[in-house]
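The structures come next, written out as structure tokens.
The two complexes that follow have chain A in common; it is paired with chain B in the first and with chain C in the second.
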Partner chain A sequence: MAQAIGTTSAVPQATRSTKWRALLREMWKHRVDYLFISPFFIVFLVFGVYPTVWGLRLSLSRWPGGQKPMEWVGLNNYIGLLTSDPLLGKAFVNTMMLLGWILPTGLAFALIVAVMLNARRLRGRGIFRTIYFLPFVTSGVIVAIVFSQFLDKNYGWVNLLLGKVGIPPVPWLTEAIPAQISVTLLLHWMGSGTNILIFLGALQAIDRELYEAAEIDGANAVQSFFRITVPMLRPVLLFMIITATIGLINLYAQVKLLTNGGPQNNTYTMFMRMMDLIAGNRFGEGAALGFLMGAVILVITFVQLRLLRSWWTVEGNLKG
Partner chain B sequence: MFERTQSMSRRRFLKAAAFGVTGALAACAAPAAAPPAQPAQPAAPAEAPAAADGELKGELIFWGHADHPIYDAGQAFMKKYPGVTFTQVEITDERTTKVEAALAAGEGAPDLNWLEANEVQLYGRRGVLLDVTDVVKQYEKDLVPAKLAEARVSGRYYGMPGDITPNTLWVRPDILEKAGVPMFEKDIKYEDFLIAAKTVKEKADSSLYVFGADGGGQSSLMFQCPFYALGGNISDESGEEILFDQGDAAVRAVEYAKMAWDAGAGLDAGWFSPPYWAAIKEGKLGGTYSPPWMRGFFETEVKTPETGQGKWKSVVLPIYAGGEKHRTNVWGGATLCSYTQTKVPDLVKRFMEFTFATMEGAQVTADWGIVPPYLPWLTTKLKDVKQTLFSDQTWTDTLNEALTLMREDYYRTPAYGLSGIAGGGPLYDKYFIPMMKGELDIEAGVKQWADDLRTENKKLLESLK
Partner chain C sequence: MAALAPASPARPSKRSRSLRQAIGYGLLYVFLTILAVIFLFPFYSMVVGSLMSKEELFRSYPQLWPPNGPQFTAYRLLLQIATPEEVAASGLQNINNYNFVRYIFNTLLIASVAVALQVFFNTLAGYTFAKRNFPFKNQLFSVILATLLLPAAINFVPFYLLVAGTFGWKDTYWPFWIPSLATAFGIFLMRQFIASTIPDELIDSATIDGASQFQIVTRIVMPIMAGGMVVLGILTFVAVYNEYILTNLIISKPDLRTVQLFLANFKQATIRAPLYDLLFAGSVMATIPLLILFFVFQRKLVEGVMSGAIKG
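Now for the complex of A and B:
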């Protein structure tokens, strides 16, 4: 029996070995080509693959830092985070709330402005584009500091202006809901420029003849928007929803600088929790949270893809 | 990372620090059996290292924020020993990350770093700090005991004690007078202080303490100070047992803080924010609980008599019933440390010795604005410190008095950093303001806070094994 097994497995092994040799010969033949594309792979391996694998190992270990060895603890870091972390639940809820709030409003706002800028008769479009894009090229740190001054309850310009029209001071940064609104405003102000530009590019790629044909068929502007513009923007929309989701789940710097997670942790995000764990010498748990966040992103993206695909399919069927 | 040539104001640094490194204001331990805070007869002042010292050679790299007392000490050290090069690399928020990267790499950490008390305790337990027991032992009797304890982990010293930080109350008598309130007597009760604060707020539109709506930064002193005075502790000396909810110190301290909150007389401005400095310069802040190192920052901003220069006085903190013996608090105050990977351990030790165990070094750092822990200097030269903020030198008398009120059993272990009581952090945010607002019962809040701390501390200690 053993002999039989040996005999049968020897053939594919020999075939595999021949295939490998052929592959290596082929690679050697194109060695110069491979040499030219190798920098990307080297960089990817060193800065992409290696840290990910190292991070995964860290998330399954206990490590005091420095040059001490890691001690394997299996899933303990993950279990500890999910069962007994006093702050992760709040951080998760906050992150999801900000995502649910900022994602739709941000994309809707950017789309509306992009459609307006795309109007044929609009003059000075370049100036508007520059204005909207300006926040993106401004330092996030500076923007957050300026916002924190603008929104200060007692000394900020916003409340000063509101006071002029008889509105009492709003605790923009020191009460839960106003603080979440402040974070939303900051992110919209900083992020909409890029979103508008991407939408504008996609809008300009839509064939004008589609609109003209719709017009001849009697479609009004709203019908054209929902029947032509939105469907034609699907690929861009999908891309933007997914990248914005990733960006918002990894939200850190702006919130750190504007509210530092407050008031009472109401803007404390998952990324902030991860950073606190790492800064607090709990590297294993920090790494585990990083991978948990990656899992959350995967799940949300999967749900988004399914929902958007089913929406498009239904819409396509209705149209058909 | 910036070279020293790029300037960064103290205010900008603190702004960044307040956003990012609130844990940096944490601190550490002092054994119950340590000697008294201030010996009556300190040893004779030590001279700076002499003899063959003129031949000292080598390079020292220091990481710290701009406008730093250790930078000034470095300049003085180079002047004394021309063969030594001292370079400061300006690092603020990213300091911890860069240190961690260097520690993992096995090289690249600075020769000198300015670590907060809980950081010394944390890194000391990790075994990555240079053991400087041989140097510190020589000067043990000449250094403030409570500060010595902050540099000590399991009986070994992992840094040279840096600035001492007994908190006192700073007041502007001219603003009190405007409100018809007499200058505080030496032993004012906390309740009377709050009544005065309310009067000053009403009549002179000025606050006698800081209490921002976020409860962060200096606002936390309204809790920290009574907690310290009443004998509270976050953990035991080993850092393993959480004592936060043992006894009634935490509950009573929160109640005292709530009294200040409810009085509504505090300055509601973010610590070190432009409105905060504007309030100081416009006389909207007529008093504040404060550690000595704040003087350096105040003097950078308060540069004219119109903005309050020379108008401040300092008195010992108000009395919390039952906490008369320790009417102060320690907040911030760092330790000069190095790492095991330094290539110039002997030079590092000489620099530490020069900076905080000689009259010359102590004077240089004191001229910057901190208070060095060197007793021969404290007892003879503190009174001569050049300053522009206070109307007379009575603030040094107050400081000397506060030194005698310091506790030797207040432990600033890593758990202290986790608690956030030093000025903010997620656990502090979770419980403190809800208790102030009355949304959370104080006893229940303190208990939950302590329970969370136990969970977090257990995980932290496990991670260090």
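Now for the complex of A and C:
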């Protein structure tokens, strides 16, 4: 009897261990494959996972760096940032305003230009596309240098041209609203080309027959734009909204060099706050701000994905 | 509006329809051309500004052409080939701090090593995910894709402390090379390219002929995938060449500065117009390598940006 029980329990054990052994043998056989993909996982563990985990502890501590000990402060860094930081609230509002401005205007502009470039008998499409895409290769640093001269109140091109039509000089970089508009213009100039390119690629992938069928059914240009073009572009649009959001929350170099966050911190960004905390050796708070920014991105992305759930696939759009 | 629709919906007589189309296309060209001017103008004004003397910039900056003809003093100063008189007239304290050749050399060094590493390791991994089967392959690939969604801001501070403190990589170029040796985007891109261009039979027959995995990658996959590797290489080059935030934290020795760091420091130290001739000349010279790359590999770049968006 005892032996019988012993054998019944021994059988699955044996198969399980042979299964494991077979899996291990299979994995050993593919050791070269694992070797080939290992660089990513090694650097990800060392430079991605480890700093994140350690950063969590850091964000709960006060640490000025160097040999000094880490002092546990619980959630104080987070509480301090959220309640009594003099600049973070402003930075958050600025970023949200930029998002509210840039996403709709930038995407609408890029879509309109892409639709124009997609006009069937347009010549020189390649040339226009190249020119609009050119800013892609310029750095944020250089764009900020050029724009700061461009928008200079007394010496800039923009005010010179406005003066020709009788508009008095606008303080583009030294007053709140104009400075925010300046940042918006700069980002549009830098980013539109890529968006136009992506839209154009997606437009060219739309089957022309869809439009011909709509035409036969008596649809006009506006109708086919909203009933065919826009729904077909939704997955691409969703991708662009999400990447643009992440990009704007990480915004730093361009604004740092164009307005340095001013005037009166009206173009100060969250990433600027992070760099200032690093410069002040306030690493615990800097780490905490990193997690807060991650949370902001996560929440916004989640909301966008929920709101735009029906946009995920093309099929769902055309039916709906 | 008629011109904008891929299929013209107009019903009326053929003549009025074609007339409307002609007007529509005319307006279209006008609009697209104005837009092209707006996109090109900052480049143009940067070039004109760099060819003006600092007095001209100070007195009458917005010019369509340098009032006294192009002057190359700013370029000569940055390239360290200016005459002693020009150096004296420039008002620069120490001309060695404006050694542009060194900064562009540093930048090209950082970018080319980064490109070589990323292209090699991402192709290796991309091939493995595209053409090989092994336990946990799909799970591991999902992990890679998931990391694409992690915003860099999350661990930026501890990453900086790790690299600059623990590893002691302050004032070295390792932070631009090692942590991004292999990237999620690069692996994803190369996997897409390899899966769609290299037939399985080719790899099977090479395996039967006794080629090792490494030989298959270097002798068969890489030569065929040269185009895809160029796409990844250019996107990497542009990103690393233009990098500023990490550089700003890591590099403090003047001799190790990159072009972007030099220009940014210079811009922040320049309060008013007088030194803008140098700033513009530096910007023009810093943009030239990328412009050359852009025009030579334009198709590849477009392909890279679009495949990142549409397949992603």
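Here is the rule we go by: the second predicted complex is superposed on the first by the 280 of 320 C-alpha atoms of A that agree within 3 Å, B and C clash if a C-alpha of one lies under 4 Å from a C-alpha of the other, contacts with A are read in each partner's own complex, and residues count from 1 in each chain.
The working rule: a contact is a pair of C-beta atoms (placed from the backbone, for glycine too) under 8 Å apart; a residue touches a chain by one contact, two chains touch by 3 or more.
All values derive from a computational prediction rather than experimental measurement.
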item	value
Fit or clash between chain C and chain B when superposed on chain A	clash
Touching partner for A:26 - first (chain B), second (chain C), both, neither	second
Contacts of A:283 with chain B and chain C, given as first, second, both or neither	both
First (chain B), second (chain C), both or neither touched by A:39	second
Touched partner set for A:92, first chain B, second chain C, both or neither	neither
Partner with the higher number of touched chain A residues, chain C or chain B	C
Contacts of A:265 with chain B and chain C, given as first, second, both or neither	first
First (chain B), second (chain C), both or neither touched by A:211	second
Touched partner set for A:65, first chain B, second chain C, both or neither	both
Touching partner for A:152 - first (chain B), second (chain C), both, neither	both
Partner chain(s) touched by A:80 [first = chain B, second = chain C, both, neither]	first
Candidates 9-17, 153-161 or 405-413 of chain B: the single one with C-alpha clashes against chain C	9-17
Intersection of the chain A residues that touch chain B with those that touch chain C	65, 145, 148-149, 152, 155, 257, 260, 283
Parts of chain A lying in touch with chain C, wherever the complex brings them together	23, 26-27, 30, 32-34, 36-37, 39-41, 43-44, 46-48, 50-52, 54-55, 58, 65, 113, 115-122, 127-150, 152, 155-157, 160, 189, 193-194, 197-198, 201-202, 205, 208, 211-212, 214-215, 219-222, 224-225, 236, 239-240, 246, 249-250, 252-253, 257, 260, 270-271, 274-275, 277-278, 283, 286-287, 289-291, 293-294, 297-298, 301
Complex interface listing, chain A residues touching chain B	62-68, 71, 80, 84-87, 90, 145, 148-149, 152-155, 171, 173-174, 256-257, 260-265, 268, 272-273, 276, 279-285
Interface residues, chain B side, partner chain A - complex	15, 19-20, 22-23, 96, 100, 103-104, 106, 122, 126-128, 212-214, 216, 268-270, 273-275, 278, 414, 417-418, 424-427, 429-430, 433-434, 452, 455-456, 459-460, 462-465
Residues on chain C engaged by chain A in the complex (per definition of touch)	1-9, 25, 28, 31-32, 35-36, 38-43, 45-46, 49, 61-62, 121, 124-125, 127-129, 132, 134-135, 140, 143-144, 147, 149-163, 165, 178-184, 187, 212-214, 217, 238, 241-242, 244-245, 248-249, 260, 263-264, 267-268, 273, 276, 279-280, 283, 286-287, 290-291, 293-294, 298, 301-302, 305-306, 309-310, 312
